[in-house]
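Two complexes come next, and they have one chain in common, chain A, joined by chain B in the first and chain C in the second.
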Partner chain A sequence: MREPTRDQALRIYRTMHLIRRFEERVAECFAAAEIPGFIHLAVGQESVPATVCALLERDDLVGATHRGHGQVLAKGAEPRRVMAELFGRATGYCRGKGGSMHLCAMDLGVLGTNGVVGANLPIAVGTALAAQVRATRQVTVGFFGDGAANTGAAHEALNLAAVWDLPVVFVCENNLYAEFTPQAVHTKGTSIAARAAAYGMRGVQVDGNDVPALFDAAAEAVDAARSGAGPTLLEAMTYRWRGHHEGDPMAYRAKDELEAWRAKDAIPRFRAWLVERGMLAADEDERLVGAVAAEVDDATEFARRSPWPAPEAALEDVHA
Partner chain B sequence: MRVRVKIPKLGLTMTEATILEWRKSVGDAVTAGEPLVVIETEKADVEVEAPASGTLVEILGAVKQVCPVGGAIAVIELPGA
Partner chain C sequence: MPEVRYVKAIADALAEEMARDERVIVLGEDVGAPGGTFGATRGLYQQFGKERVRDTPISETAIVGAAIGAAVAGLRPVVEVMFMDFIATCWDQVVNQMAKMRYMFGGQVRLPLVVRTHTGAGLNAGPQHSGSLEAWAVHVPGLKVVMPATPADAKGLLKAAIRDDNPVLVLENKTLYAMKGEVPAGEHVTPLGRAEVRRGGSDVTIVALSRMVGEALRAAETVAAEGISAEVIDPRTLAPLDRDTILASVAKTGRLVVAHEAWAPCGVGAEIIALAAEHRGAPRVPRGASEGGGVWGAMSGPPTLMVRRVTPPHTPVPFSPPMEKLWLPDAARIAAAVREVMG
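Up next, the complex of A and B:
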């Protein structure tokens, strides 16, 4: 079993805290009408992008989802510029024109979050094909959810990636709900990873809230992609603590289901693992959590005081 | 210290909500996270939770009243104030 180094482990732990704090702040700002548009938060799912992206190089690529703030932050995006983008301000990664669901950071290999469920996967296959043709050794990660698994785009992407042995890892953040529909209602069977066999690629289902187990599976998948051994379908079982979108009253699920998953929260579980291995002292933990809180405060203030895009810039950076 | 309870934004195009039912009365103790008031938006009826624990000292939004997003509808006084 491959274990994260101390540096990797602390990076994963810090990123999980950052995503949690960031997303909770976004919820507050959205409720206060400071953020336009629709917002989908990934509170509860932080361990998946934090762990997978800790295995990537800077020039590796990530295709993110509509629930993708955490995936973008985990790939190394600055919280200030992500928050400013959500606020629609000129200092954001896309100068305020992308927002939550079209958030690109090409210099970090972030191909964009995507408002269309499953639509990021063919894009991930495209960059993986480019990397193969150019022999750059870059790996692409395509994140998706259990809902996207049943889209035609996902099927096309998985099949092409397998048949061409492309350097891509398909990471299914299975949060058990496609929008408002539980998995049992939209999918027969309990394993999306099992479909990998039919595509002719490796498939692994893992507890996404168990960071060391997820790290082991993701490390193997990333190594396989980088070494030319083709794609993997990695299914990380996790849970969305908030609604499909902010404002969703969640009348479709039982409160005790949420409580059961809160008890499986990846953050304290991984903290216990770190402490057990002597990688994290109590005062270090306190410092880290405090630093993350300050970073999110700073990002929020930065977004609030940033200017709106100028009206005369409306046609810049826009493609149709 | 007092905390104002405001109408949250709950959707893409939501600009206002109608107060449907108060779950608490003035003078009641409230706990952060417990349902305080039901509001009607263009999409659904939604329970708004108390943002802080304390005493509900004022209700500003009457039942059937239409209130803008961000508008204050109640005041909670925190303990020790």
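Up next, the complex of A and C:
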């Protein structure tokens, strides 16, 4: 069993808090009409990107989803510039062109969140191909959902990565729903990881809210990719606490289901693990949580103060 | 006449056609128990059950392909593709299968199927959720394409599409779903292939699609105060296009403004302008089928023709509000184009 080092563990813990706080703030700003467009939040699923990305180097790559703020932050994106993008401001990563569903930080290896479900996976295969051809030892992580698993794009991407032994880790954040449709309605069987056998790659299903278990599985997958042993399909079972998008009244799920998953919240579970190992003192925890809150406040203020893009900027960047 | 929301008019059309013909089934992501992401299938699952109203996986190719197969085998499926942008993921099924099948099989099959989806910017939905891609579909022989601009047409055109024995793409507009308008009570079917003159006029013809119809009517109001009489035509069906109505208007005005949310290059507006240009100065006397048939030669075109296109810039749809506002055509830009063709 591979365990995170203290540094890695604290980084994961901090990133989970950052994503939670950030997403909750986004919900408030959306409700206050400060953030336009469609917003998909990942509250409840923070552990997955926080843990997987803690295993990545700066020049590794991440292909994110429509529910991707956390994936982007976990790869090291600045909260200020992510928030500013959500606000549609000129200081955002994409200068207001993209918003929540098209959030890219290329210099940090963030290939973009994606508005077309499943479409990020073939692209992740492509960056892995480049790494293989150029022998860079870079790993690409392609995040996707249980719903995305049923797109043709996902199937084609998994097969291609397997047959070429590409350095990619497919991370399925299985939150049991595709929009308002429960997994049982869109997929027969309960294991997406089981499909890996048919593609000829490793497949692992883990409790995504159990950080040490997830870390162990993800570390093996990342090491395999980096050492030339090809792709892995890692399925992390988790749950989103909020609606599919902000404004979704969630009529399709029972309240006790949500309560049961709240009880499995990864943050206190991992805090207990840290405390048990003496990696986190009470005052340290308080300081860390306070620092994260301040960072999100700062990001929000930055976004609010930032200028709007000039309307004419709409005409730029169509071609190189 | 009762006032109905555009989205409710769609749900009503589906419910009526399902009640009328048990071969009609509905397929799509979240169209069943949840009633659709925008509510266009609300109530159908409860009324007709899960056999006929099916929630699908996120598998556009399989959904559209299955609808084609089901149509060949005797059903009359109505598929929802959640946003028109996503139709790119199943474009092979639409273009190489659905559109060509009857022709290449020598007329052996009928494909009574409908693909509903929606177009349109204006909700800050960003580059991958705001597209108006009707020109792609109109370009392809074998597809019929409608773009309802009012609740009455949303209902009437959908009912006609379901009853048609050919594949029909019904392109709704996401910003119109909440629009209220009068819908005739009882059986209301809008024939495919017939344009509607939304406002009569004599100086200039404005042909507008989808949400731009409302903008064109506002523009016509504005220029009326300046003494310009604008006729506003809503083609409603883009394929087959009602050429007669458009050409008759242009013959009268000699000035044509087209307005749509799709890009200008190779757009439906370009097609309409080309049509008008081909008829400029055409003789009054029919010249026979060898000249092209149809309305060609049957009607006098104007001696001169002034044209303008009102379209967005040739860029993806930007997310941020000030940029999207610049991007999206509106009544003011249509009015400006009208003044330009007036000279």
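Remarks
Methods note: the second predicted complex is superposed on the first by the 317 of 320 C-alpha atoms of A that agree within 3 Å, B and C clash if a C-alpha of one lies under 4 Å from a C-alpha of the other, contacts with A are read in each partner's own complex, and residues count from 1 in each chain.
Just so we're on the same page, a contact is a pair of C-beta atoms (placed from the backbone, for glycine too) under 8 Å apart; a residue touches a chain by one contact, two chains touch by 3 or more.
Values in this document were obtained by computation on a predicted structure and should not be read as measured data.
Superimposing the complexes on chain A yields a three-chain arrangement in which chain B and chain C fit side by side.
In the superposition on chain A, A:Cys172 contacts neither chain B nor chain C. In the superposition on chain A, A:Gly247 makes contact with chain B only, not with chain C.
When the shared chain is aligned, chain B and chain C each come close enough to touch A:Phe38. Contact comparison for chain A: of chain B and chain C, C touches the greater number of residues.
Of the two partner chains placed by the overlay, only chain C lies in contact with A:Val117; chain B stays clear of it. Applying the stated contact rule after C-alpha superposition, one finds that A:Phe30 touches chain B and leaves chain C untouched.
Smallest inter-chain Cα distance, chain B versus chain C, after superposition on the shared chain: 5 Å. In the superposition on chain A, chain A positions 37-38, 251 are in contact with chain B in one complex as well as with chain C in the other. Chain C meets chain A in the complex at residues 29-30, 32-34, 37, 55-62, 85-86, 88-89, 123-129, 313-316, 318-327. Looking at the complex, you find that chain B touches chain A at residues 6, 8-12, 14, 41, 43-47, 69-70.
Residues 30-33, 37-38, 245-247, 249, 251 of chain A are the ones touching chain B in the complex. Chain A meets chain C in the complex at residues 36-38, 88-89, 94, 96-102, 114-119, 147-148, 150-153, 178-181, 185-187, 251-252, 308-315, 318.
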